[in-house]
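By letter and in written order, the chains are A, B, C and D; residue numbering begins at 1 in each of them.
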Amino acid sequence: MRDFFSSPTAVVGTTLLVIVLTAALFGPWIAPYDPQAFHPIARLQGPSAAHWLGTDQFGRDLLSRILHGAPATVAFGVFATALGVGVGSVIGVIAGVSGGWVDSTIMRILDGLLAVPDLLFTLLIVTMLGGGMEHALLAVAVAFTPGMARIARSAVLSVRTRDYVRAAIARGESGFYIVSCEVLPNALSPIVVEATIRVSFAIMIGATLGFLGLGAQPPSTEWGLMVAEARQFMFRNPWCVAIPGLSIAMAALGFNLFGDALRDALDPRRSH
Amino acid sequence: QSATPKPGGILKISHSTRIATLNVLNCSGPAEYPVVDMIYSGLTRMGPDNKPMADLAERWEASADAKTFTYFLRKGITFHDGSPCTADDIVATFQAILNPDVPAAARAVLNMIDTIEAVDATTVRFNLKTPFADLPISTAHANARILSKAALSGPREKLDTTANGTGPFKLETYDSARMVRLVKNENYYIKGKPYLDGVEMHLFPDLAAESANFLNGAMDVMLTVQQADFERITAANGITAKRIPSGRFVNVTMRQDQKPFDDVRVRKALAMSVDRGLLVDIVLEGLGRPAYDNLVSPEFQYAIEAPEIAYDPEGAKKLLAEAGYPDGIKVTLVASNRPAIRAQVAVALKEMAKPAGFDIEVETMSHDTYLANVWMKGNFYMGYWGMQATEDATFKLLLTSDASYEDTAWKNAEFDKLIADARSTTDSEKRRELYAKAQELQLKDTPYIVPIFEDILTASGKGAEDWTIAPLSRYYYVENVWLNKA
Amino acid sequence: MTRGYLIRRLLAIFLVLAIVTFAVFAITTVLPGNAAIMILGEYATPDAVAALERQLNLDQPWYMQYFNWVAGILRGDLGMSLRLSLPVSQVVGEAFLNSALLGATALVAVTVIAIPLGALAALKRGTAVDLAIGLFSYLGTALPEFVTATLLLVFLAAPNSGIFPAGGFVAPWGNIGGFAYHVALPAFTLGLILLAHISRQVRSEMAEVLSSDYIRAARLKGLTERRVIRRHALPNSLAPAVAVISLDIGYLLGGIIVVEEIFAWPGLGRLLMYALENRDLPVIQAVTLLLAGVYALSNLISDIVIAMLDPRVRYA
Amino acid sequence: MTPSLNPAVTETTKPALAIRNYSLSYRTANGIVAALKNIDLTIGKGQTVGLVGESGSGKSSMAWSIMRYLPPNAVEDGGAIRLAGEEILDYTPRQMADIRGRRMAMVFQDPSTSLNPTIRLGEQIGEVLMRHRGLTKVEAMQEAEAALARTGITRPKEMLQRYPHEASGGEKQRVVIATAFACEPELIIFDEPTTALDILTARQILDLFNQLREETNVSALYISHDLGLVSRVVDEVSVLHKGGIVESGRVDDVFRRPKADYTRQLIGAVPNPDRWIGIDAPANPDPLISLETIGVHYNAPTMLQKIFQPKEAEKAGFWGAKNVSMEVRKGELLGVVGESGSGKSTIAKVLAGLQDFDGKLQFDGKTFGSRKDIDRAYRRRVQLVFQHPDASLNPRQTIGTIIGRPLKLYGIVPADKVATRVAELLEMVRLPADYARRHPHQLSGGEKQRVAIARAFAAEPDLVICDEVTAALDVSVQAAVAELLVKLQKETGTACVFITHDLNLIRQLAHRIAVMHHGALVDFFDGPDARADDRDPYTKALLDAVPVHADMEAFDVA
């Protein structure tokens, strides 16, 4: 762990992540105002003592909205990824462990799904389901599944031929033991690293959907939607675009940096 | 106005929604109307003063019982392809509009027509089933422009991408993804007009990009200015920004055959929970007027002044309690996400009505889902309507029992009768009385909450003179526009 | 890389496309609403909707629609756009060309910039240069396109500081300057994320190559640093970069949706959004087909390029 | 052969390389680590000096210092390195680039990583010539062809067009050597040039080196940890231990009359085929397990392929082992030798039930016709130890868990006794009991291998298969592991199949030896009969390749 924090990437990434996650977990409690409350006299203001990050067109407090939006935005990324990674990993592990025709059938299907670009895939699913946060979440998860399954499978495959797994097979261990005690713990790190980085993608896709009007819907405080709503006012009060925009960037950056640092830290070539 | 118009030049108009079709019979896009307005002429046309004016018909006569109308066409009008435009084309056009197999948006305002006949090459007679004094306004409907008989008998899809009209401009290129270019019709029936050599309609789906291009002079006219941008654009050098008061409104639909809006007290309570002045300020940036639930705005000839409804959450709360909801009401208000104003009003309403005990959950959804699932079906949602040409059109649109979009289930036989009577009356004073009564009936029952009237905002840049829009929108008079560039 | 392999890959692509279109068709038909409703909007009357549905053949069951569509495809006819009343091939064809121009510009520019940038960072590992490039890349990957695009619009294209036009499209034929002027901002927006992605990939790959035995051997042969980098290190770091680029094309295909919307670029992305909103099924189908096809093909091409770059890679 | 290479022309006034009082250390996270201390080393013109020492003693660091190619964290603490009298410590990087490849060259351990995989071999030789001798591309290619021809490659022209992966290990090393000799340098450094090659190829490379050295009269520094090998090629030798030279002198002197204790220790670790360290042959030669016409077909054609593409199916795949029959007796140690890829591990995998096979396996009266038949009981009684200790221990489990697993799995001891038994087993392999709490990465290679052995013996098996268990280890550690195995065999009476390519080692241990070549069993004989006349020619070649200096054979440390 000390090693981990010796890289600036890890320090910056972790710091950003802590900030973002704190906001996501406690945001609604530390917000100074009701995020939906109007302050008609203080519309479209820049930062001030009363409103630290300024206000939007209804005079709603931006800081409070950002803090309330954090769970929506970040949790969206985390849950969508968790779902996609979870299902994808299960599929990938099944494919990797069973091999043979099961593997090749699953892989062919995944190849097919992978042929559709992520955002396009998400977009199609979202429109099919009719927009909205939950549907966007599901769509991102589904879009992530084939890629994750691939990664999980290759992680499993690379572990599966390791000597310690072969030793377990030679000992006559049960399949369950081999998968759960020998293969999975060692295949986990690439999956975790990829998952961390994908959270940042998910956050960005979620925000993009919000922006396109297919994700979160007013009066939600999701950050992408906040950018979309505030764009009309960007010349009058650039803050109301910049703040949610930078918040997205911060969250994405945090997960990105953290994932990269994690990858470096878990890289066997570095740990020797 | 000050200088005399100079001919020549290409006018560049920016807009933000696609021109998906040129089919004048059923086009509905905000940017489609100016194009059809330039390409096609109607029998009559709505003027900037909201009165019918002559277009292809020089003049018209109504019978005393308002059941027969005769229109007299100008002489020697030709279509863009050079063929003459005669009474036969007029008859063919209106027959197409009335044909149930043809998707035509103007049918709703013309369905009182019984038969149309060409008396001679330049005279057309309309025989109505019921008396209808406002026929010249209905024939001015933006979707009732005159097509050639040949075009109507050809494959209908061709109307989507080609156009052969009698208007001041001819279609040159049609690229729905980018730009539509029109060129001057040298044979327009008004000599010397149009002044412009051509008009280009440029599509900018992103509003910020649109305003940027307008402000830096790449575009001459910005078809629609957003409220948020109006101040900035007005302030810019050389820009003429126009604010045209209009009867365009946002409304809250409340179904009256279902709880809780079956009780007029609940509707009234909600009406009292809307701070209309504030709504104008924060949603329209002050560019509109508060409305007090009357569907008819002051622009209309027979509009009555609706009594002001003060923002009174306390009173509303009491009223709710009386209606049997002492602990308030929880309801879900659905809004389509397009245009944004619906959701904005809904969100504002949620906050404003909170103190009165309305716990409103706003559900915003994409427009397609809204159209398919909620519109005309839901019990509490946001509507948004452009100004209609007449009181009759407005009421027939939403409120009479046989209205096209009767979505509140508010049925009132007395109201229906008043509207029917007004239709067949040609006497102006009498009609005023009838419409006043109708409006009072409506206000008493509050079938809709109409909180604001929205102004139409447009702007023209340096050198683009005499650009204007009618309050009804859909009418633009581009033949009068000219470029005053050095 | 044998012929058999290529044929198998191409067949696989066709299969995938068939599955994709069927899925999209099935998906779109369970959607509420249809093109007729969308065309006529709120101001339409039910009888007008019904009339339009009949005209557009939307009153047929969905499998018949799909069947007709497939039959059309096999005859080389993509059908008519429901919303635009134009042949799909025309609408999609033009949009595709425009998107391809934008995408290719972004991709070429990015590749040309990202590869040297990544190589530079690897060579200067641990220095300020590396740090600067790293920061830039991270920021690039963390800013969603709509944020980047908005910022660019405010700062580089706002009327006051109008260095660049705020969107719009000029075809390059005969007006290459105008094209470059208009393509700059959208291409930059699109490219930013890819730039970061590719340069990071090149950097890590290059760093690995630079620490390899054969680079050490090359240096110990006394070769000039130039030759070591250009002939020995770079080509070996490129194969993975190519793989990333081909994956990024998938990303690009998604990215154009937002970028085209904001910068008024009349391409496939915008067309798709429009078609989705309007339930213009034939157009949705064609666009998806095209995007998936391009993506699959780009993967195939990248595999071929990788095989050319790295003689060890052989596909059979 | 160009005239300048004539030995008569070279002068012998100044030594080719002189290192004086040179020290080097590395900055690491744990502070400064000294890698070389006060080194003095002289290589005369035309002389070859050997540098020996265990892993980590600083041999490679020495090479890098001479080539002036040090990692950024290296710190030089003074001294002098002179190439033909010139102080190269003061050279600028530019000057160094100029003399590298021209005046001094280097050959690395692993030819497969020191050649650029994406460049044709011809270009990789030619570029040096173009750089240092200013030849044109065409000339360089001709010269490269000549250089390759000198290294004994049969079709040099064709080889120039190949990529590294299209050449065998031996061929690649020849290319590297040809490159090193291309510009007729004054000094060549060989850093363990044969370690990565199999035994026969290594022998050829060694011969090549001797031949070229004689032809060119180049000076050379030959680095190796293999004393036997060094004694074959060098004139003088320096012994490096923990960064310092503990002894140097003529190779005969150093090896016959070692002065330093460390040298003595090193020599003792060299396997000597005449010094038997194994256990006595078991009294009753009952077979424990027998293989009957075992065949392994890798990437065998599928059923579909056989039906639809019978022609291609015939060629598909690769026979890792074919028609192998032999038996292992109770309690014996059976050696299996053969060059790399000869099928040794394949047989090990078959025995361990990891590989599908044709033929039959008989064990304790039971017959197994396929891998799927193999039962738990068999698996308990036959245990496998892998070559790479790093890979065979799950990095996420503790040593205690790893060794305890077979105990639990087979129920060897009651659950509450597992910990005690683990401690006993650790003690058996001479490891402290508290290692049970450690993770594999906290152990050295040799220690890890002991853990792997302890795990195998934990199952109380009848047969342990050791697949090159010493190959990845240092010389001195190798000997210790081999001895440990013998000790365990003595204590438990377990039979052992010991796979190796080190013939010297196997002749010290094995009762019987099986020789494999290209998947077939070519020879099978009793240990002492290794030198018998009726041996297979392949066996003879293997024995001849073993790098043992004639003088060393007579030498005995005991």
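Operating definition for what follows: a residue touches a chain if its C-beta (ideal position, glycine included) is under 8 Å from a C-beta of that chain, and two chains touch if they have at least 3 such contacts.
If you want to know which protein each chain is, UniProt gives these names: A, C = Peptide/nickel transport system permease protein; D = Peptide/nickel transport system ATP-binding protein.
Keep in mind that this is a model prediction, so the values were computed, not measured.
K.L.:
Using the touch definition from the top, how many steps at minimum link chain B to chain D?
P.N.:
2
K.L.:
Given the two chain pairs A-B and B-C, which is bridged by the higher number of C-beta pairs in contact?
P.N.:
Between the chain pairs A-B and B-C, B-C carries more contacts.
K.L.:
With centres defined as the mean C-alpha position, give me the chain A-chain B separation in Å.
P.N.:
45
K.L.:
Just the number, please: Cα centre separation of chain B and chain C in whole Å.
P.N.:
Distance between chain centres, rounded to whole Å: 40 Å.
K.L.:
Taking each chain's centre as the mean of its CA atoms, how far is chain A from chain C in angstrom?
P.N.:
One centre to the other, that is 22 Å.
K.L.:
Centroid of chain A to centroid of chain D, CA atoms only: how many Å?
P.N.:
Roughly 47 Å, centre to centre.
K.L.:
What parts of chain B, by residue number, touch at least two of the other chains?
P.N.:
Each of 208, 211, 366, 368-369, 373 in chain B touches at least two other chains.
K.L.:
For chain C, which residues are shared contacts with two or more other chains?
P.N.:
31-32, 150, 154, 158, 261
K.L.:
For chain D, which residues are shared contacts with two or more other chains?
P.N.:
Residues: none.
K.L.:
What chain pairs are in touch here?
P.N.:
Pairs of chains that touch one another: A-B, A-C, A-D, B-C, C-D.
K.L.:
Please name which positions on chain A make contact with chain D in the complex.
P.N.:
162-164, 166-167, 169-173, 181-182, 185-186, 271-272
K.L.:
Inside the complex, what are the residues of chain D that reach chain C?
P.N.:
For this pair, the touching residues of chain D are 67, 69, 96-102, 105-106, 108, 110, 113-119, 127-128, 131-132, 163, 165-166, 176, 179.
K.L.:
Show me the residue ranges of chain D that touch chain A in the complex, using the header's touch definition.
P.N.:
352-354, 375-376, 379-380, 383-384, 386, 388, 391-397, 405-406, 409, 441, 455, 459
K.L.:
Taking the complex as given, what residues does chain C use to touch chain B?
P.N.:
Touching chain B from chain C are residues 31-34, 36-45, 47-49, 51-52, 54-55, 80, 83-86, 91, 94-95, 98, 150, 153-154, 157-159, 162, 165-169, 261-264, 266, 270-271, 274, 277-279.
K.L.:
Mind pulling up the chain A residues that touch chain C in the complex?
P.N.:
Result: residues 111-112, 115-120, 122-125, 127-128, 130, 200, 204, 207-208, 211-212, 224, 227-228, 231, 234-235, 238, 241-242, 245, 248-250, 252-253, 256-257 of chain A touch chain C.
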